[in-house]
Amino acid sequence: MISITNETIDTNVVLEAVQDHRAGAVVLFLGTTRSITGDRKTDSLDYECYESMAIKKLEELESIGRQRWDVIGVNIVHRLGHLLPGEASVAVAVSSPHRAAAFKCGQWLIDTLKEDVPIWKKENWSDGTKDWVHPGLED
Amino acid sequence: MISITNETIDTNVVLEAVQDHRAGAVVLFLGTTRSITGDRKTDSLDYECYESMAIKKLEELESIGRQRWDVIGVNIVHRLGHLLPGEASVAVAVSSPHRAAAFKCGQWLIDTLKEDVPIWKKENWSDGTKDWVHPGLED
Amino acid sequence: MTLHIKLFAVAMQKAGTSNLEIECSMPATIADIKHAVLERCPELDQVIPHCRFAVDDQFATDTTIVTEQSSLAIIPPVSGGT
Amino acid sequence: MTLHIKLFAVAMQKAGTSNLEIECSMPATIADIKHAVLERCPELDQVIPHCRFAVDDQFATDTTIVTEQSSLAIIPPVSGGT
């Protein structure tokens, strides 16, 4: 399952959704934003997405992950809107009978999400400036 | 940090211990026991350990993990005593500035724990028989 | 005919709109659309080379054919997941 | 002299004790200890080849030297972590 939410990510809820009596392993990834980047301080962040495409892409990721690895539960949650540094913006949970599949699938999901899911982050710096973050695109 | 406990593992507490403003990634592994193995059903499990050595080995794992990967927080919790299938027996949480290190370190910690930390599991089967589990040692 | 293109993040910021209207003769490829976008909106010239285009919620290439019914979007490098 | 060896899991179950006492002349190696354990406790003969020995909470090899102060344990294949 996949979801996009404006609410705080509750890791217990994320984990419960993938638990299964056939699963011996659960791997959870949480992505958070550091408050310090180089010598700049982040006050807050804003996430936006291209929703119809983001949902399709996330569903595609789940589907490909299930084809490639022997996994049972997949749960990807991305948060949008206004976040404070340290709050989780994304959670990826995978359960599987054996742990290697859960690690591999979980890592592939977050790696690919960060490449291909149309979600963008804006840094609201403590000096009052704001920057959209676009890896590879220097302003 | 490492710990051995007789209490239910609280994943929130496990995760909080590794969270840090410098960490952009947290990887959590949870190990649970399946209720079905082949065609046999597990009613419950009992874990015991050689405590002084288990603690030393877990501390050694944390120390080696920290040497090998750029990680910030490491938290390994193993539960002992009587468990029901589906309950987590082990939790490994790792935080790092970048996710690759957290995934690699987390997987290495659980792989090595399962090889070298003197903890043993007894399956209490639904047919009333009990078996210590010793990989590679057939009874 | 008039096409509508969704813009996000820095592309939206630089163009000053989240919904860019361009004129383009049909049928067109993404390469044609790119050209029309830059004519209409030269302030995107530093951004577009780093962006992908999406047609109907899928990434497109320069040779992808666009129809009147296509849903179009410019996808700057994404930064979700952290 | 008398040495005490901690037993766990199936080794404890088969030997019927968690604290095996064996007689062994000092200094001894783990190979000597193994031999003495099997003489004292033949019911471990199927188990011992699959076990490691620990001396002072570290895995030992057959040539590890044991002293009177050594803390000894037999470590059957471990099964924590699931």
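By letter and in written order, the chains are A, B, C and D; residue numbering begins at 1 in each of them.
To be clear about the criterion, a residue touches a chain if its C-beta (ideal position, glycine included) is under 8 Å from a C-beta of that chain, and two chains touch if they have at least 3 such contacts.
What you are looking at is a predicted structure, and each value in this text was computed from that prediction instead of being measured.
K.L.:
Would you mind checking the shortest number of contact hops between chain A and chain C?
P.N.:
Each step joins two touching chains, and the minimum needed here is 1.
K.L.:
Quick one: point me to the chain whose Cα centre is farthest from that of chain B.
P.N.:
Chain C.
K.L.:
Just give me the whole-number Å value for how far the CA centre of chain B lies from that of chain D.
P.N.:
Comparing mean C-alpha positions, chain D is 25 Å from chain B.
K.L.:
Could you work out how far the Cα centre of chain B sits from that of chain C, in whole Å?
P.N.:
Using C-alpha averages as centres, the distance is 49 Å.
K.L.:
Rounded to the nearest whole Å, what is the centre-to-centre distance of chain C and chain D, using the mean of the C-alpha atoms as each centre?
P.N.:
About 71 Å separates the centre of chain C from that of chain D.
K.L.:
Where in chain B do residues touch at least two different other chains?
P.N.:
Counting only residues that touch two or more other chains, chain B contributes 24-25, 31-33, 110.
K.L.:
Would you give the residues of chain C that are in contact with at least 2 other chains, written as numbers and ranges?
P.N.:
In chain C, the residues touching two or more other chains are 82.
K.L.:
Taking the touch rule as given, give the residues of chain B at its contact with chain D in the complex, in rising order.
P.N.:
These residues of chain B touch chain D: 31-33, 47-50, 52-54, 56-57, 78, 89-90, 110, 113-122, 132-137, 139.
K.L.:
Please give the residue numbers of chain A that touch chain B in the complex, ascending.
P.N.:
On the chain A side, the touching residues are 11-12, 15, 19, 21-36, 85-86, 97, 99-100, 102-103, 106-107, 110.
K.L.:
Touching residues of chain D toward chain B in the complex: what are they?
P.N.:
6, 8-10, 13, 47, 50, 54, 57-59, 71, 73, 75-82
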